[in-house]
Amino acid sequence: MATIDLDHIYKRYDKAENYSVTDFDLHIKDNEFIVFVGPSGCGKSTTLRMIAGLEDITKGTLKINGKVVNDVAPKNRDIAMVFQNYALYPHMTVFENMAFGLKIRKVDKATINKKVTDAAKVLGLEAYLKRKPADLSGGQRQRVALGRAIVRDAPIFLMDEPLSNLDAKLRVSMRAEIAKIHQDLKTTTIYVTHDQVEAMTLADRIVVMKDGKIQQVGSPLEIYRHPANKFVAGFIGAPAMNFFNCQLEKGKVVLNNAFSIPIPEGIYKQLAEKGYEGNEVILGIRPEDMHSEELFLNTFPENTVSAKVVVSELLGSETQLYCKIGDFELVSKVDARDFVKPGATIKLGFDLNKASFFDAKTEDNIL
Amino acid sequence: GCSSQKAQNQNTVTMWVHVSKDDPEGKALSKNISIFNKTNKHGYKAKVEFIPRSSSGGGYEDKINAAVNSGSLPDVLTLDGPNTAAYAHSKIIQPIDKYITNKSDLLPSIVKQGTYKGKLYAVGYQESSVGIYYNKKLFKKAGISDSELPTLNKPWTWDQFLSICKRLKNKLHTTPFNMNLNDRSEWSIYAFAPFVWSANGDIVNSSSTKSTGYFDSAKTASAFKFIQELVKKGYTTLSPKDKGFETGKYPMFLTGAWEIQSLKTQYKSLDWDVLPYPVSPETKKLVSPTGSWQYAMSATAKNKKAAGALVNFLASKEGSYNTDKALGVLPSRKSNIARISKNADSAMKFLIEQNEQSGHARPIIVNYPQISRTFAETVQDVTLYQKNPNVEKVLKKQAKAMQKYLK
Amino acid sequence: MSRKKANLIFSTFLIMMLALFFIFPLVWMIASSLKQEKDIYSQMTSIFAFLPSTNPKDWGVAYQQLFSRFPIFRYILNSVVYAISLTAGSLIVNSLAGYAFAKFDFWGKKALFAFLISLMVIPGATLLIQQFQVAKQLGILNTMLAVILPGMSSPFAIYMFRNAFEAIPANVSEAAEIEGAGSFRIFWSVLLPMAKPTIATIGTLSFIGSWNDYVWPLMVLNDSNQFPLQVAITNINNTQPVYMNQVMALLAISTIPLILVYAFFQKYLVQGLGSTGNGDK
Amino acid sequence: MKNKVLRNQIGWLFVLPAILLLLIFLIIPFAMSISYSFTDYNILNPDAKKFVGLANYIQTFKDGIFLQSLRNIAQFVVFIIPIQLGLALGLALIVNKKRPFNLFYKIAFFAPVVVSLTVTSVLWLYIVNPEQGLLNSLLKIIHIAPQPFLTSTKQAMYVIIGISAWQGAGYQMLIFLAGLQDIPESLYEAAELDGASKWKKFLYITLPGLKPTTVMILTTTLISALNLMTQSMVMTQGGPEYSTMTPIYYIYRTGFTDRQLGYASAVSVIYGLIIIVLTVIQRRITNRKEK
Amino acid sequence: MATIDLDHIYKRYDKAENYSVTDFDLHIKDNEFIVFVGPSGCGKSTTLRMIAGLEDITKGTLKINGKVVNDVAPKNRDIAMVFQNYALYPHMTVFENMAFGLKIRKVDKATINKKVTDAAKVLGLEAYLKRKPADLSGGQRQRVALGRAIVRDAPIFLMDEPLSNLDAKLRVSMRAEIAKIHQDLKTTTIYVTHDQVEAMTLADRIVVMKDGKIQQVGSPLEIYRHPANKFVAGFIGAPAMNFFNCQLEKGKVVLNNAFSIPIPEGIYKQLAEKGYEGNEVILGIRPEDMHSEELFLNTFPENTVSAKVVVSELLGSETQLYCKIGDFELVSKVDARDFVKPGATIKLGFDLNKASFFDAKTEDNIL
């Protein structure tokens, strides 16, 4: 029910020397679910706060539904927001905290009651409605903060790491709840998270930020499969993508004494066309694209590299292997069945069809 | 209609008094007012507002000041004796000679305190006096026989008084005399100026224009030396304890007529009586303090006749009698003395007599508050005998200080 | 455990002594109002000074005399009305101003605040006449307004409120703002309840200030039916002869409401904020 | 952004009632005071006042009592501030902790604030009575000669200081208490785990947390100390020999008892200026410490 | 360098009706790394706070190094703690915040300087040392809180969700850092987290809690592979284990009309011995133990079940399929290559060798 246009927005805090957000340009469609990700301190909260109207916009225009709102007071923007640090009203009970926004809007008592109890049910807070925030656990507080925003039915929904203090199970169900709310109410949503699963599953589009600048905007798959640059590639995916500064030599990527692997023809053609033959490129390959299964190793014997396992972490369904090829470190994610003891040597097959290539200087994706 | 309303307004006299309407004095006044409203033949109606004052004069006098400064004085008001000159000088009040009947019946001290530059500005409706209250039991214990006690005709001289103190102190091992030296308000000049006058000294000259030559005279000094002597010898104290006399700590207590009632109601077991002021051995002249609150007409009174009639009524024989009787205070009119004395106890009778015989009004000075305070400071200075052993020096300095306030 | 206990007993003893050192006049006042005047002074130097009369018959005497002397209830009612109105007014007016100074960047704010602070130095006691002249000009003499308005706004209270509001983390008011609360609503529903300790403090102090004021109400009121209790106190304390037990009884009557008001507001002072919702200040 | 600046102007709306009241009942009267200070205004004779130029001001500087009162108040301030603040903070810390009898302590410490000066002065006069007063009896036990206290020009002010501190500490305690409530408990917990002793917690958490409160209390205590009047008036009437005369009492006396409103106004303007300068200096110092 | 013994500890908050922690009995060995997990509000923070001495213990004894410390003041327990809500000192700079604990302990200036700058480097806070907490982003604040504890070198280290506000990448590196610190300093550590990866990778032993009670204590693998009860099984692992209330009939688990799968012999023998034949049991099977690969389906044709895909989430390397078998919902995690469109029908092979069986009443693990 609302579009949001951020036109080249800049933000510098009063006492700060540097811009916290630089040239932020993003056009959010009605009913879209946008997720902001980026390293700590990259300006996610700041951007959200500007949209909410809590921070002045230093430069640029912000439009909601096509109307410039740089100067509109937060209360007139009709936005619901979950704060990163909850910002609960300490003197009100959980119920009152959630009801406050509705009370202000003069919603009748019965409706308030219904909405709040419904939300409390969803959030598992029914037992705590009469408590004050100080008597809640961290996760309970966070759920109150979420509930306070949910009950509002606002056309725009801003959430700043709303699930960070919840356990995995609750997270999953909350995540589903948020997705459902989004589908039911068609709320335009901006969601800040550092949880990749959340980002991947919830987002229509993900915005990857770094140092106050947008690095890439795209659907989760796009971002995962075609990262715009080395930063995005490294940031998305856990464990992170492995990077190797290689030489492109005669259709092969060559890493000093470590390996020399043939590049699939289609990809090589593109690289060669752009003049990288004989030059340095950064090879990026995700941990899950290095295979230890016999099948793969047998099929692509040339792609096989020997690596020494340094650490081996078993995570239920899969195993993460921290290995070394000569001096180069890499992580690979293999099936739990292929658990290997540290110190052993293992054969890894690089699936270059799924690899990315970056310019060594600009670090932009070449393909 | 409109005109009768106006007439009614003109016949209404507003009045401010310094007491609470719940006090005996306030009640007596209310009664007087209702008599006045009923009995006066001109249809005057008096309306009173009761504005209780605090000891420092706060409240009532602040209110008068404020009214003066915003032109909202009532027609009739009460004022303390020493304020007469200042109020008359500033034209806050106006002469009332022509409204007051039977002036010759007024005690001379009353006339004196209400007169400024030869005109009567205010009439007192009561008198006050101070005496030395003594504890009979303690006197007996100290071996002072009744025959040694002074009378109005044969008061103790200061020397005799000092020797009595000495005996009391030696026998009882206590401070013999409390004269409220810690009270540096009006009390000081009111209670101690009689010593000065007894020695034929003075504070200012009779036209209130000079203090030098009077306040620093040798006669004045003799009185202050007497006070200093009392302190130095330990016969009195700079920091007396509250109700020390009443609870038998001090054998003698210099205080006003109001003490009688307190002793009678609260300290029934104490056996006491009152003695006259000690006198200067040179003159043997008995002098006692006087002074009281008075009625006056404000300069802005709308209906002077009505206001005059009210003042006259309240200060009249009947009006003042009503008040004085209710209060148990000294009468302001000679004709009331007998009536009041009739039902009064011996102490009261004694004070009335002392007042009649020896009452001395305080000087009429425009800047009276400053003079009064300077007097109190002088008393204080001489009682700090270690710092200021030389009484003459203190008086010289203080006389000069006073002179500044005299025009 | 036992050392802890010993510590507790020891500190309790010390603090108790200290407390007694502070409360003895109150005890003395109440004890004195419950005995005959002569006992007040004869017992002055003994422990009995702090105990009521041994004869319970004496207890009510001073109070009885007092009530027959003054219409105490009327005075108390007046005092209560003035004190409550002034306190309520002072809380509203000053907290609003404190809010503005803490949370808005209006033009001239700094200068105005500095000016406000400097106003604290003006000794009100010396301005009675001028204040009266102003009140007369406004035509509010002889009304309750004249009694309560001058004491209502106080730079000190504004200062207190500003500090309290500044201590509240910004994001709480931001949350309310996003939820659609207007400036006043934020103030009223969110910030003010969080400033309870300050409300309690300013409330207590305003109430006491108004309750103890004597000269000003007397100056601006003419009808003795409108006088506050302090007038009776000053009166009884200055009309010879002074009956100390009655004075003490009246002072006790006047002081106990203050203690109650204080104890009541105390609740909010203990309660405080606890920890803010996020503990993140 | 401009609009946000505009929105901030609503602040004016909120300060308006307070400012208006102050204007009417404080600023205007004070302005009148200033204008009176150039006249020979006598309270009883307002219509006769004449413009006298700076005469009142010139007289002020020759006025021995006023100068003495300045010295007295300086002495008072220098002693009362640390004593009273320390006492108040101590009391606040005592009652801020949960202990048995807490409410009693709170009422006790605050009692001198609400109990009438009539009561407290009677008692204190008994205690500091030079003859058989309680204090001298106590001094006797530890073999100190009896002291004259209020009857001595040297000691009177110290007695007033002591009694004032005793009487006023409860007031500041209340304000400190409000300030203490604003410090989140979690900070103490963190500090405690960092190994901070009680004293260290006080030093590093309480004091910085109380900073705004302390600055405020310092300012207001300074100002109320500079306004000292009642204690002197009730207990010593400024004596002996003006050793406890204070400027405000003097102004009050000159203006109301002596009725010299013009002169009193001049004195109060001068005194007001002195206080302003002092508070500015004080704020400078506290602000500098901050940096 | 420290052992911690929690002997049947109970905690009830002053105003609360219920116990927040009940009969908590745990013996932590020197140098052990313990992780607490459990749903929001289950008492993790409360337990930590009792160990730190910030909350009174209602009942039970707490020993550190064998000495009862119930009544020892927190400052004398020599514990470093990261608070869930940071609890930074607002009036101190980042540097001062981190230096405070050392300063109090009278460490000399040079050492303080070195330690703090080292920690700041590790935490990526060098640029912010002079800022006050109010001017930091959420994640930056959390890192300061972490830094404050790290510099202390205390023998016991309590961390309450110390990484919850950090992005995945930073989280990984912080996690590694914490592991390293633990190894270097041999600090006995208790760590609260809701992140399964953190729990799995860091813990020597995991403590699973629910409603204030310990559900299971064990190594990560033990917990994952042999959950003590249905709660633990469901709580650990994301997406959660699937549960089916089945009938045990003649060596098969039978779910109403939905499936009937033979149980591996060894397992069946145990179940039968305990008398479950013909009775109800709860079958628990993890998403990753339902296979869609041809190989598996061909090898175990009897284990195959047809399911309708409702939602299909692609998460980079793998796909989560939310399916229905009749009315029963289940989640399965398959290779990303096996991405299936919602609405399609898929064959899933249940690997019962890895399945768990729970008593239908007590919900305890049977095997």
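For clarity, chains are labelled A, B, C, D and E in written order, and residue numbers in each chain start from 1.
Here, contacts are C-beta pairs under 8 Å (C-beta built on N, C-alpha and C of every residue); 3 or more make two chains touch, one makes a residue touch a chain.
Predicted model only: the values in this text are computed from it and were never measured.
K.L.:
Please find the path from subunit B to subunit E through touching chains that uses the fewest steps, and give that number.
P.N.:
Step count on the best path from subunit B to subunit E: 2.
K.L.:
From subunit C, how many touching-chain steps at minimum until you land on subunit D?
P.N.:
1
K.L.:
For this structure, I'd like the pair of chains sharing the most C-beta contacts.
P.N.:
C-D
K.L.:
Can you grab the rotation angle between subunit A and subunit E? Superpose on CA, round to the nearest 5°.
P.N.:
180
K.L.:
Averaging the CA atoms per chain, pick out the one whose centre lands closest to the mean of every protein CA shown.
P.N.:
C
K.L.:
Let me have the rounded angstrom distance from the C-alpha centre of subunit C over to the C-alpha centre of subunit E, please.
P.N.:
That pair's centroid distance is 55 Å.
K.L.:
From the mean C-alpha coordinate of subunit B to that of subunit D, what's the distance rounded to whole Å?
P.N.:
Chain centroid spacing, subunit B to subunit D, equals 37 Å.
K.L.:
Between subunit A and subunit D, what distance separates the C-alpha centroids? Give it in angstrom.
P.N.:
One centre to the other, that is 59 Å.
K.L.:
What is the distance, in whole Å, between the centres of subunit A and subunit E, each centre taken as the mean of its C-alpha atoms?
P.N.:
22
K.L.:
List, in ascending order, every residue of subunit C touching at least 2 other chains.
P.N.:
44, 128-129, 133, 237, 273-276, 278-281
K.L.:
For subunit E, which residues are shared contacts with two or more other chains?
P.N.:
83, 85, 87-88, 90
K.L.:
Tell me, which residues of subunit D touch at least two other chains?
P.N.:
Correct list: 43, 126, 184, 186, 256.
K.L.:
Could you please specify the touching residues of subunit D with respect to subunit E in the complex?
P.N.:
184, 186-187, 189-197, 200, 204-205, 208-209, 211
K.L.:
Tell me, which parts of subunit E touch subunit A in their complex?
P.N.:
Interface residues on the subunit E side: 13, 15-16, 37-41, 44-46, 84-85, 124, 135-140, 142-143, 160-161, 164-172, 194-197, 200-201, 220-221, 224, 234-240, 286-289, 313-318, 333, 336.
K.L.:
Quick one: in the complex, what on subunit E touches subunit D?
P.N.:
52-54, 73-75, 78-81, 83, 85, 87-92, 100-101, 104-105, 148, 152
K.L.:
In the complex of these two chains, what residues of subunit D are touching subunit C?
P.N.:
That would be residues 5, 8-15, 17-22, 24-30, 32-33, 36, 43, 94, 99-116, 118-120, 123, 126, 132, 134, 166, 170-171, 174-175, 177-179, 181-182, 184-186, 212-213, 216, 219-220, 223, 226-227, 229, 248, 251-252, 255-256, 261, 264, 268, 271-272, 275-276, 279, 283 of subunit D.
K.L.:
Where on subunit C does subunit A make contact in their complex?
P.N.:
169, 171-172, 174-182, 185, 189-190, 193-194, 196, 273-278, 280
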